[in-house]
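Alright, structures below, take your time with them.
In what follows, chain A forms one complex with chain B and a second complex with chain C.
Now for the complex of A and B:
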C-alpha cells in the first residue's frame, strides 16, 4: 500500500508539480527503502503486541486444562461449573447487568433525546456529569455510597432525614449496587446513545412522527429507540462486560456476585479459578465481538477497571 | 460542536421550565448517586472525630508516611504504565494504520484491544499468576530452557514490576483504541505536500506528523494514567491487599477504619479525586488542542 501511495506521489510530482523532479532518483529510492524498513518494524510491534496478548491467555488455558496429573482435560471446568455457588453468583451478576442496562436505557435515552431536541443548553452540564465517573473511581464511589446510604439518609451538611438505610435489606442493597453500576456505565451509555442520535437526525424523525399524530411515548418507543438500536446495543454490551466481572462495588456492598466469588475461589483453589478466568475472557470477547458486529467496527470499546 | 448550531425554535420562558422538567430524572439520579456520595466524603474530610470542623485531616494526610508512600507508589505505577503502555500502544496503532500492515490485522487488533482493555480485575490477576507467577508458564519456560530464573533475578509478580506488567495488559490496548482514530486523521495531503517539498520520511514524521499527534499522544497517556490510578480489583486480587497502593489503602479503610480516624480516610479519598480531576482537566485540554488539526 505504501509503495502504491508513493507511486501516486511520484506520478503527481511528474505531471503537475515539478518541485521534486530535480531531487533525482536516489532520494526516491532511499524513501521507499525507509518505507520498507518501516513496515518491518510494524511487523515487529505487531508480533510483540500479539505475544503480550496471547501468552497470558494461553498460560491460563493451559493451567486450567491440567487439573489431572499428566493429562489435558476439562476437569477444572466440570468442577467449577458443578459448584452451586458458581451458578448462583453468576446468575445474580447477569441479573444485575440486565437491571443496570434496562434502568440506564430508561434514564438515558429520553434524557439524551430531550437534550438534543429541546434543551441544547443542558448539553454541557450533561456531558460534564457523564465524565464524572472518570474522576470518581469505583473504590471512591463505593466509599461514598456506603457513607451515604448505610446510615439514615440525610441531606449533606444538614440533619434533614429522608429515608432509612438502604443496605439493611437485600432489595435495598441490590437497588444501590444497580445505581452504582449505572454510574460506572454512564459515560459509555450516554456517549454511545448521544452519538447514535446525532447520526440519525432525530429532529426530522420527531417532526415526521408528530405530523402523523404520534404522542411522545410512541415517538420514543417506536421511532427513536429503533433508530438508536445499534448504539444502544453497543453501550449495553459494554455495560454487560463491565458489570458481570465487577468486584469493587460488589465486595464492599456485600453482594454475592460473580466477581467476589471468583476472588474467593482464587484464595482456596488452584485450577478452577483459571478455568473461570478463561470463561470470563471468552465472554468479554463475545461482548466486544458483538459490538464490532452491531456497529460495523465504529463502536466505542473501553470500560472501567 | 457543530450540533449546537442546530437551528432550534426558541423556547419561551414557561415552556423552558417544562423542558428542564423533562431531564429532571437524570439530574436527580446524578445528584443522588454521584453528587451526594461525593459531598459526604468532602464533608467527612473536614470534620474530626468529635464532630468539629477541622483542616487537620489534610495536614495529617501529608504527614502520615504510609499514606504518602501509597500515593507515591500509585503514581509511580500509573506513570510507568501510562508512559510504557502509551509508547507501545502508539507503535502498535502506528503499525496497523500508517505502518502498512494488512487490513485484516487491523480489525483483529482493534477487536482484541477492546477485549483486553476490558479484561481486568480478578481474571486478569489469575491469568498473570498462571503466566509469571512462581510456577507460571513463562517463568518455568525461561528457567527450564534458557536457565533464566526470573525470581532469582529479583522479579516478583507481587511487587511494583509485577503489577506494572499486569496493568500493561489493559493499558496499551486502550492506547491503541484512542490512537487509531488520531492516526487515521493524519491527512494524506500533508505527507504528499511534505514529500513534494523534498522532505524525507523521517523529516515528515518529526516535523509534520509528530507535532500534530503530540497533544493527542500526551492526552491519551494522561487517560492511561487515570485508568491505572483508579484501578483496585486487579491489585487486590493479586496481592490480597499487601501491596500498598492508594486504592488498596482506601479499601482497607472502608473495611475497618485501619487508620482509626474516619476523617483521615475521607481526606485520603479526596486526595485521589483531586489527582483524578487534575488529570481529566489535562486530558480535555490536550484533546481540545489536538482537535485543531485532527478530525
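Now for the complex of A and C:
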C-alpha cells in the first residue's frame, strides 16, 4: 500500500516564535554613561601623558629664553647660531644621518623582504642580531671598529695590502662612523620595516606582481618600497634622531659631529644648549609632520585584506 | 596533445609528498576546478602551474612549450588570489595597467586596455579609487580585470570567492564564468566548496591527499562517483554496510531489508560478500508506486527544515538515513515516529 507521505493541507497552522531579550545587556542610558566614562578616562590619561612630555620641553624653552636678566628673548638662539661650529657640525651630522638612512635602507629592506619571503626560519636570528645594539654599549662597538680598521688590511697569509687603515683618512672615518650608526639604528629600522611588511602581506603582493610579469627590481621599487614607505620613514626618523644626537662613536672616532658639539657647549655654557635642544625638538616634530604629510591618506594600513 | 598538460607532476616538501604523480590535460577554453579538502594538494598544483612552486618531478607544458622550470614572470599566466592582492599604493586603473606597463606597452594602449577591462567588470566609475575604498567583491573584480588585462594564456583562480559573503560569492562566480566563456580563456579554479565547483566548471578534478580521485563533468562527479571519498565529499550521502544476496539480480540486504542495485559489475560479486552501499538523500521519496523496486518500510525519526529543502531522517532496519524533499508549504509533513514507506530507484543504490 502506498504511503501517505506528504499530504496536502488546507490551512497552515499558526507558528509562534519566541523572541527573547537578553536581560544581561545594559540599556541605552547605561551604555551611554559607560561610553562617557570611557571617554573621560581616555582624556585623563592623554592629558597626564601630554604633561609628562610637555613640561620638560616648556622648561627647556623657558630656560633658553632667559639668557638676559629679567627679559625673555632669543639671545641664546642668536649666540648658538652665530657660532660657526654649530652649522658645521650640524650639517655634518645631517649628512651622516642621510648616508646612514640610505645605507640602512639598502641593507635592511632587501634583508627583511627576503627573510619574510624565503627564509622565515631566519627571522629569529635576524631579530637577535638587530637587538644586539641594545645590549652591547656603543663604547664596545667603537673600540671594536677602531681596533679592526686602524690597521693595514692584507690578504691573509700574504703581505699584499688591500687598503689603508680606515681611521687615517677622513672618508674612511666617515665610512666607519656611518657603519657604526647603521648598527645603532638597526633595531629601529629593521623592526619598522619588518612590521610594515607584515601589514601589507608582501608574499602575496610579490606573487601577484610576478604573475603580471614583474622582475625583482620592479617588485621592490614599485610594489614593496611604496607600501612600506610609512614604516621606512618611521625608521628613518628614529635613525635621524639617533645620529644627530650620538656622542660616543663621534668622540672616539674624532668626528666633529653635532652630538659632541652639543655635549661640549653643555659643559661650558648655560643657555645655548637649551636653545639647541629645543631646535632639535622642533626639527624632529617637523620630520614627523612630513611623515604624516607624505603618507597621509594611503599608508600601508590600507594594505590587502 | 592538450593545451595545458601536467605529466606525472610530483611535489615533495621534505619527506611529505603533497602532490603525487598528477596527470591532467586541459583543453583550450576549458574551465577546470580542483576540488578537495584542505591539504589535498590542489593549491600546490595550481602554484606549480603559476611557477611559484617547482615540481620535484614531472613536466608542465603550455601550448606545446615546456614551462616546468620557467620563472613565474616568464609564463603568461594570470592569477587571482583569495586575498585579492591588489597593490595598495595604486589606484584601480594603475593596478589593472601594472602588467601592461611591465610589458612596455605605450600609454595610449595601456589606457585603452584598462578602460576595456574596467567596462568588462563594470567598474568604470571606480577607476581612480584605491583598493581600500572598494568592497571585497569589487576588489576581486579589479583583481580579475588585472589578471585578464595581460591576455594570459591561462587564468588561475586560487579560492577567489572564499573571503566574500554568500550572496556576492554566487553573483561573482556567475560573473567569472560568463567572462571566461566570453573570452574563451582556459581557467583553473581551486576551491573546497563543492557547490561552487559544480556550478562553474566544465570539468572537476576531485583531489585527496595529493592524488586525483576522479576527473569528470559536474554531472558525472555528482551522480556517478567512482570512489567512496568522491561520493562523500561531493554532496550528502547515506552510507550503510550490506551483504550480497543475489549477485545476478543485483539484490543485497541491509539489516534484513532488501535493496536492488543497478551497478554494472555487481554480477561479478559472490553471495555473502560484504559491501558498502550509498544512496543520496534526494534519491529517496515517499512511496507512491508499491510495485516499484526498493519500496522500503521506515520510521520517521526527525525532520529538519533547511529552507528550500526539508531533511527527514528515517530509520530503515537499524540504520538511519537522510531523505531530502523540496519544501512545499501546502504539503503536510509526516509526524515523528510515524511508519511510512519510502522508495528509491535501483540506479540510486551505489555500491562503492
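Descriptive notes on the structure:
Following the convention adopted for this analysis, the second predicted complex is superposed on the first by the 210 of 305 C-alpha atoms of A that agree within 3 Å, B and C clash if a C-alpha of one lies under 4 Å from a C-alpha of the other, contacts with A are read in each partner's own complex, and residues count from 1 in each chain.
We adopt the following convention: a contact is a pair of C-beta atoms (placed from the backbone, for glycine too) under 8 Å apart; a residue touches a chain by one contact, two chains touch by 3 or more.
Owing to the predicted nature of the structure, the values given are computational and were not obtained by experimental measurement.
In the superposition on chain A, the chain among chain B and chain C reaching more residues of chain A is B. In the superposition on chain A, contact of A:142 is made with chain B only, not with chain C. After overlaying the two complexes on the shared chain, residue contacts for A:221 are found with neither chain B nor chain C. In the superposed model, A:85 lies in contact with neither chain B nor chain C. When the shared chain is aligned, chain B comes close enough to touch A:42, but chain C does not.
In the superposition on chain A, contact of A:274 is made with chain B only, not with chain C. Of the two partner chains placed by the overlay, neither chain B nor chain C lies in contact with A:169. Once the two complexes are overlaid on chain A, the chain A residues touched by chain B in the first and by chain C in the second are 1-2, 5, 9, 12, 302-305. Put simply, chain B touches chain A in their complex at residues 3-4, 6, 8, 11, 19-20, 22-23, 25-27, 29-30, 32-34, 36-41, 43-44, 88, 91-92, 94-96, 99-101, 105, 107, 109-128, 130-131, 136-138, 168-170, 172-174, 176-178, 188, 191-192, 195-198, 200-202, 226-227, 229-234, 236-237, 240, 247, 250-251, 254-255, 265-266, 269, 272-273, 276-277, 280. Those residues of chain A that touch chain B in the complex are listed here as 1-2, 5, 9, 12-13, 17, 19-20, 23, 27, 30-31, 34-35, 38-39, 41-43, 45-46, 48-49, 52-53, 55-60, 62-63, 107-108, 110-111, 114-116, 118-120, 122-123, 126, 129, 131-148, 155-157, 179-180, 182-183, 198, 203, 238, 241-242, 245-248, 252, 259, 262-263, 266-267, 273-274, 276-277, 280-281, 284-285, 287-289, 291-292, 297, 299, 301-305. The touching residues of chain C, when paired with chain A in their complex, are 50-52, 71-73, 76-79, 81, 83-89, 98-99, 102-103, 130-132, 136, 139, 146-147, 150, 156, 163, 285-290, 325, 328-334, 340-342.
Those residues of chain A that touch chain C in the complex are listed here as 1-9, 12, 200-201, 204-205, 207-215, 218, 222-223, 226-227, 229, 298, 300, 302-305.
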